[in-house]
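In the part that follows, the structures are each spelled out as structure tokens.
Across the two complexes that follow, chain A remains constant while its partner is chain B and subsequently chain C.
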Partner chain A sequence: MSPLHFSFYSAFTFSSLGLAFHRTHLISALLCLESMMLSMFVPLSIWPVENQTPSFTLVPILMLAFSACEAGTGLAMLVASTRTHGSDHLHNLNLLQC
Partner chain B sequence: MNPHAKLISSMSLIMGTSITISSNHWILAWTGLEINTLAIIPLISKSHHPRAIEAAVKYFLTQSTASALILFSSMSNAWSTGQWDITQLNHPTSCLLLTMAIAIKLGLVPFHFWFPEVLQGSSLTTALLLSTLMKLPPITLLLLTSQSLNPTLLTFLAISSALVGGWMGLNQTQTRKILAFSSISHLGWMIAIIAYNPQLTILTFALYTMMTTAVFLSLAQIKVLKLSTMLISWTKTPMLNATMMLTLLSLAGLPPLTGFMPKWLIIQELTKQEMTPTATIISMLSLLGLFFYLRLAYHSTITLPPNSSNHMKLWRTNKALSTLTAILTATSTSLLPLSPLIITMF
Partner chain C sequence: MTYFVIFLGICFMLGVLAVASNPSPYYGVVGLVLASVVSCGWLMSLGVSFVSLALFMIYLGGMLVVFVYSVSLAADPYPEAWGNWRVVGYGLGFVLVVCVGVVLGGFVDFWKVGVSTVDSGGASLVRLDFGGVAVFYSWGVGLFLVAGWGLLLVLFVVLELVRGLSRGAIRAV
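On to the complex of A and B.
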């Protein structure tokens, strides 16, 4: 695997590990989600340069648009959970236990 | 909910689902999945109750993670094979990542923990959408890539989903959680056969959607959210309670009702593929589900007159006729004799 591919793999892997192991705050989970999306954006931007396919140039912009919408939704959920649960601490989200 | 917002959300759901199931390129499939996630968040959280908000947060986090994983797996496949076509997913790491991502999206074991809680936090109609419509795009992606996925992993996911869905449903008293675990075990059955005969997966999904919609609509009509309410609900619509027993037993997979058809065909196909232990184990595990379906059926129907009961009877008001519930209940109990026709149609 080339060093470039390795760096993309590891960027995504560490972001997803950060998302999986988030401990206290919901906002750290949202941050890790955004960094996963960012680590997807860079390879998608390199793909049309590397493969000489200008028709693929729209794809990173599309991906960024959707991940921005998702980030906005995540922040709206953060605000909503702060309004109902008092804070964004994750151990407060226990109203629906089995 | 504001009618404009409801219209935009429902149209976006339909559009997102259509985009994903009709796409050939991974980016378009991912776009449809994202649209679906974004569109259903307002539907889950519309009542602004703390439980609804918590359910929406949990749903959002899990589905976004799964979408990002799908994008990453398709990109790593593109790096090694140069292909963005959905049916040409050949790189082994990409196949593994995709299987895990779809398992998170669908709520298969061991990624099922969000599903009962999200269903519990949403209204019955939204829970119906979450169990049926939101499962369609991920199952489509799995169907398109089924020949390159690891069959052992899929069998493991299937058996463990049937186990957990049956076992954890036993201790539940909330109907939405019971239906969540029933959904998990049905998905296990669908995944068991996907590597060998994907058309049976489509058939199982269609029949499961029909039966689950019938049960959810019946429950929504009598507004029953827990077992104790179900016990006294027969005064509202006695006929609906009587037929709900048949619909629930059809979900459980009892012959001669429709729900037996997918289980029968799946066991037959697994046996043909020399996977008899899998077929035996998965059918034994669906007996666990039979227990809680029977309990639900008892609560809804066996309490009908002429059994005497000494609870305070609720008033019976004129409930509007629901044609859709009637049609779905009829089809979900009586379609088994038509199985040769249905098999040829799929």
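On to the complex of A and C.
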């Protein structure tokens, strides 16, 4: 595995592990989601220039657009949780009591 | 040049580790900003300058600025930075997972592959990704319209999520 590929592969692993574990704040999970997106954007940009296929450069731009949608929705849920419960602690999201 | 690019790759990993190791969100955003600045420099070193600048402006200048002021909603009375033992434990645990994965998966030919791509040398004004993104407006115009429609839709999604008076998705009051 080349050192570049190892960098973003392990960055994706770190952020998905960070998303999987329990944390106090909702926004910490959203930040891990954003770093997953960033660590996917970098290899998607490098892959067309390594394989000399320019038309695949479309894919990271499209991914950036949809990740902006996702970040906006996540922050809207953060704001809604703060306005209802006063904080964004994950133990406030307890409607599913099982 | 090769060592500089590998150094940027390592800094990217460290920035993402700083986010994932669960500090207080005030410090997590610092790690994310570092990771995105370093990834912009990394993409620029590899020759894809357009997507690097698009990342800089849209991701760092748009989305991360919104995240940075949204962390004010996540106030901790005692914020934990990376000097805290709990955060260090998380970080070392994640590094251990990746090391175990590397040992099991095999680390063949690590130093044989370089870091140059087709555009990383020389000084040309128009690079490979300029032509690639132009496809978005010519042959990929349907996808362009779908993405624009999705972005417009998200505006209304956000409006409905934060609407109060028991009408939104999360609002109970």
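Note that the second predicted complex is superposed on the first by the 97 of 98 C-alpha atoms of A that agree within 3 Å, B and C clash if a C-alpha of one lies under 4 Å from a C-alpha of the other, contacts with A are read in each partner's own complex, and residues count from 1 in each chain.
In this text, a residue touches a chain if its C-beta (ideal position, glycine included) is under 8 Å from a C-beta of that chain, and two chains touch if they have at least 3 such contacts.
The shown structure was predicted, so the numbers you read here are calculated from the model rather than taken from an experiment.
By the touch criterion defined above, A:P43 lies against chain B but remains apart from chain C after alignment on the C-alpha atoms of chain A. Looking at the shared chain after the overlay, A:M77 reaches both chain B and chain C.
Using the contact criterion defined above for the overlaid structures, shared-chain residue A:L96 touches chain B, although it does not reach chain C. Taking chain B and chain C in turn and counting the residues of chain A each one touches, the greater count comes from C. Contacts of A:F14 after superposition: chain C is touched, whereas chain B is not reached. Of the two partner chains placed by the overlay, only chain B lies in contact with A:L33; chain C stays clear of it. Contact with both chain B and chain C is seen for A:L62 once the two complexes are overlaid on the shared chain. Residues common to the contacts of chain A with chain B and with chain C across the two structures: 19, 26, 62, 66, 69, 73, 77, 80-81, 83-84. The part of chain C that touches chain A in the complex is made up of residues 5-6, 9-10, 12-13, 15-17, 19-22, 25, 28-29, 31-32, 35-36, 39, 42-43, 46-48, 50-52, 54-55, 58-59, 62-64, 66-67, 70-71, 73-76, 90, 94, 97-98, 101-102, 105, 107-111, 113-115, 117-119, 128-129, 131-133, 135-136, 139-140, 143, 147, 150-151, 153-154, 157-158, 161-162, 164, 168-173. By the touch criterion given at the top, residues 1-4, 6-8, 10-11, 13-15, 17-19, 21, 23-28, 30-32, 34-35, 38-39, 41-42, 45-46, 48-50, 52, 54-58, 60-62, 64-69, 71-73, 75-84, 87-88 of chain A touch chain C in their complex.
Interface of chain B with chain A (complex): residues 27, 30-31, 34-35, 37-38, 41, 45, 48-51, 53-58, 60-61, 64-65, 68-69, 71-72, 75-76, 78-79, 82, 116-118, 120-121, 168, 171-172, 177. Contacts from chain A toward chain B in the complex involve residues 5, 9, 12, 16, 19, 26, 29, 33, 36-37, 40, 43-44, 47, 51, 59, 62-63, 66, 69-70, 73-74, 77, 80-81, 83-85, 93, 95-98.
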